[in-house]
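Following: one structure in structure tokens, then a few remarks.
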């Protein structure tokens, strides 16, 4: 990648790190939320459902602003968390938080649909064989939804790679800290003649995200074939 | 054609308040309908390059207007420098006054480890101007690592308003209306290239567009602009 | 008593209302399609919460709506062979088989997997996944999975329906062994009279969700009015002891002092067995028959004659070996002049007795 | 010839290699679990593309790999009863039943839905969806769906396995009617010897993907070496004519001049029937038996004696009614001194003959 | 809605129109693409898959710019289509195009997962009963995936309601023509004192999108229950 400047390389590295951690950390929450939405009936279920979808519906700037108000230095949660050493404001962790939240609805949707496709009769069979709810989940449901989980995770990763509006609003653009690829692309597009540089960055991020996507297809297909038993 | 029954104005988003007040008056006077599309200057300029049916373009920076003019999309001899603006240093409501930013100002100390909110310093006009000013003051190197850049100047304002950043550099026109920030100091206008909002009519514009351009320079219009915190360009 | 079931549950179509205490051993649920058998089994398994009721196994309560007691399915220590297989598609056959053992308590008594696998003939399938298996193969794996779950209660919903006779004959003794040796209570659903006769300790006949008949297998089977089994299921069950294995491939049984012959069975001399004699297969004679190929002849006196539906009648004959039932035509009853108290001979073919009508412990080498 | 099948296909486990021409009527595929029966049926249905082969129904080619001819399943005009039901979960029972008719050509001969629904006893289920049905109910709907598809070929993969005897007895005549009246070729998979005896025009015995035996039902069933059916399936099939219905509930048949009695059957006087006499159920005597409850005695001469596996032997007896097979012990063969050419009597219980061993047209009122 | 100015009302109306048509018109394409990706193996399948996902990965501004280049007045496709009377540039139709394209990957994902959950054995059963491929799709597959289709459509609708970056870049922000709710929100946020108006608009769009989402949950559950037969 000789044709990338050091700052752009930095942005690429950061984007990868942010997207990776955003995906990894949200994944368990995504699986749990999807499971709860798919299989449990509880009061507030629709509220949770709406909440999960909010980032998809809100303009990203608004999401970013809400994050700023909540997790910023002055925000209630931000202050509480900073006491235990977790700081989001103006850190790459904040970028990951923003990316994770923006990608969350996509992840949950994908996983939830695959959970709904699992025949509860198989889970019942697991229970009669002595597996508790959690073990049934771990040994029956989870392996069977693995294609959906992988798909959801990579989808979230791709989305995180492209996230811009919420991130820049929440943690702004600090080179080496919070300047992700999309921020860099945006900056290039603001000035006359920046198209070439922007294109270069877009190509890189597209190649990465598409590779991840294809890899996920491949993995998911392998897993699905294993699950279907052929 | 979009805006077929009137004049289509492409204007930098920061002009919304002012133009929303000016346009109805013009409409009432002339019976001409004005439609304004507000977006980032870069977006609008690119659209005009690719054939957007705009009659009037008001940009927040000179470069994009130059690009369009260079491509023959703007009537060169009708172009005017419509407005000016100033840069200010803002802080939270309880931050102490600083009067003027000078090379001696301990900006880094005032930040106390926090961040200085600015628009993107290499891409967005307010950021570019701010960086130039800090450079002139030899303050840039001391704060460079603490600059939090946003995609537009309003977001930088929001960072300060929300208390996320102790200080920020924004346009005077933005700072005056926000209650949660106060202007700590003004940057002298000779610290940075002149902040100019050029306006022009496109080469494909209908004749009535010129009237609107002239109306923008009328005293009533100028008074509204000034009320919104803009200055008149130093001719 | 080993299995105590009391259930009340309303389905859109039928109202379930049952109450039976079954002795230890195999309790067979019998009844036409749609009579509620699977629903009962599901309630025992905890897959369905009935409106009210109580189920206990060997005094251990699985649920009791009055006491608000409800064990979730995974705490009930079940081995459930489902009517539709329900193999885990993402696991190999081997993993399916061992699934139950992953969760069994450490010290739980466990079946020998190799033996079960051999009996079911699924050794060559171990590394495959369910999707590629034939219908019968799937069902055999499902049986194996339930048997290997180290359970305290086995539920089997038509486990052998998809299998051929030869395979059935191989698997049935296994259930018998579970019943007799391991003494796991078994709740077993079947449509096959032969399976009932062979396995059932007690039979619960269901009709429209109600238990219309309930009792020991020998009683219920001797009753021609048991509709679900069909008239062909009627037969007597005798207590016998293995007397001798003959060199010509026959086994001689001692039935109350009388000898009965049947094709070699794998039991040891001295073993006590139950043997079912289908009424269908018994011929009566009013004089000692001679020159017949049938080797078994029991002398006795006519006890009762019940005219059944159609042209048939069930004649019960008291013999030293026990009560034997014969299903013959009313025309023959007249022709032979049969009357209660009269001397007569019950003729039973040797081959009619084996193998699916013999129940008892099999000692495999 | 009505159904011509030539197939070669490799599965991971077994190599399918078959070639048979079956006459019109019911062709039964017979074989142990995993022998390839479902695979053959799927290939005929077009759900599986075999490596090579050709299938034709009444001369109409469904596919021929040499000619690169391949009709997709929906053009084959099938009615397929799957081993696992496969009802459409989103449709009601009624819609499932009529699904095939939506696509049948206008003029295609069609079964009367009301009759099929009544026969299957699913009238009360019409507005329900499959999810809430019991196992047997699902299977009955699946049968109905296939029968109502106005098809030119019926494929049935163990259609009756999940049903109780009474229901089987109600549905079997319907397949007979299809065979005899509507003359739709039927490819039928079953493990039940009774179903084979009753339905099969010809039998193809499969073993490890190969057709090890193929011929008319009467021949294959008379052969004790046919492994899949088990020795209990061996029996003779006689051609008889209904002679008289007696007032005591018996029907008299004329079998080559001799009379045979069996419980009343619903056929009309003069009807020609096939009747299977399981070898299992026949007793031989070397003198005319007297005083026996069995009404049917056929005088004949011993033809062949084949010692079977174990202690048994199959004795074939030539009688005026046709060849009758008896499965008796070798000990009895010795005791009676049976030898080819010797005079002997075959004793058959009346009740052993009915109802599942009688095949033929039933005229329903 | 007395507290909405005429321009805001206009934006709301336009957003609804744009999202509605974007969803409606893309739906058949979405179903078809999802089916092709789920059930067919063809060369270029992965290319199609990547293409479908592009809008998710690219920063919206980039997507908008590409649309401008392609479907703009001077773009190759834009020019060709305008000859047959279809004009996207700076029209609401263009906003619908942008919204549709941005929402497309979400729609396809949702539908595709639900297609993959349909047992092909049921489709085979349909074929043996005489239904051609299309009829099998119409009578078996489609009814069974209906919950997924509804979910996908509403998801797309919600996404379309919130789409901003691509829209404003492609068709600008012309009141009454291309100014959707999010564009209006953007404009308000760019000037001092616009926050109150922006918040009002955000609340409206969230209420609408969430209602649609809840309605879709409800409908999908009803359909699923019918399909599952309980």
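Brief remarks on what is shown
The first chain written gets the first letter, and so on, giving A, B, C, D and E; residue counts start at 1 in each chain.
Quick note on the criterion: contacts are C-beta pairs under 8 Å (C-beta built on N, C-alpha and C of every residue); 3 or more make two chains touch, one makes a residue touch a chain.
Note that the coordinates shown come from a computational prediction; the quantities given were computed from them, not determined experimentally.
Common neighbours of chain B and chain D (chains touching each): E.
Between chain A and chain D, the least number of touch steps comes to 2. When chain centres are set by their Cα atoms, the one at the greatest distance from chain A is D.
By C-beta pair count, the most extensively touching chains are C-D.
Distance between chain centres (mean CA atoms), chain D to chain E: 57 Å. One finds 60 Å separating the Cα centroids of chain C and chain E.
Chain B and chain C have Cα centroids lying 90 Å from one another.
Per-chain Cα centroids separate chain A from chain B by 35 Å. Annotation for chain A: residues touching 2 or more other chains are 61, 164-165, 186, 189.
Listed for chain C are residues 84, 128, 132, each touching two or more other chains. Among all residues of chain B, none touch two or more other chains. Interfaces, counted as pairs of touching chains, are A-B, A-C, A-E, B-E, C-D, D-E. Chain A contributes residues 121-122, 124-133, 135-136, 139-140, 143-144, 226-230 to its touches with chain C in the complex. The residues of chain A lying in touch with chain E in their complex are 46, 49-50, 53-54, 56-62, 106, 109-110, 113-114, 116-117, 147-148, 151, 155, 158-159, 161-162, 164-165, 182, 185-186, 189, 198, 202, 205-206, 209-210, 213-214, 217, 224. By the touch criterion given at the top, residues 12-13, 31-34, 37-38, 83-84, 124, 128, 132-137, 140, 157-158, 161-167, 191, 193, 227-230, 232-233, 246, 248-250, 261, 263-264, 280-281, 283-287, 289-295, 310-312, 326-333, 335-336, 347, 349-352 of chain D touch chain C in their complex. Taken together, the chain E residues at the contact with chain B in this complex read 61, 65, 68-69, 72-75, 89-91, 168-169, 172-179, 183, 186-194. Of all the residues in chain D, the ones that touch chain E in their complex are 45-47, 72-74, 76-80, 82, 84, 86, 88-91, 99-100, 102-104, 128-132, 145-146, 149, 155.
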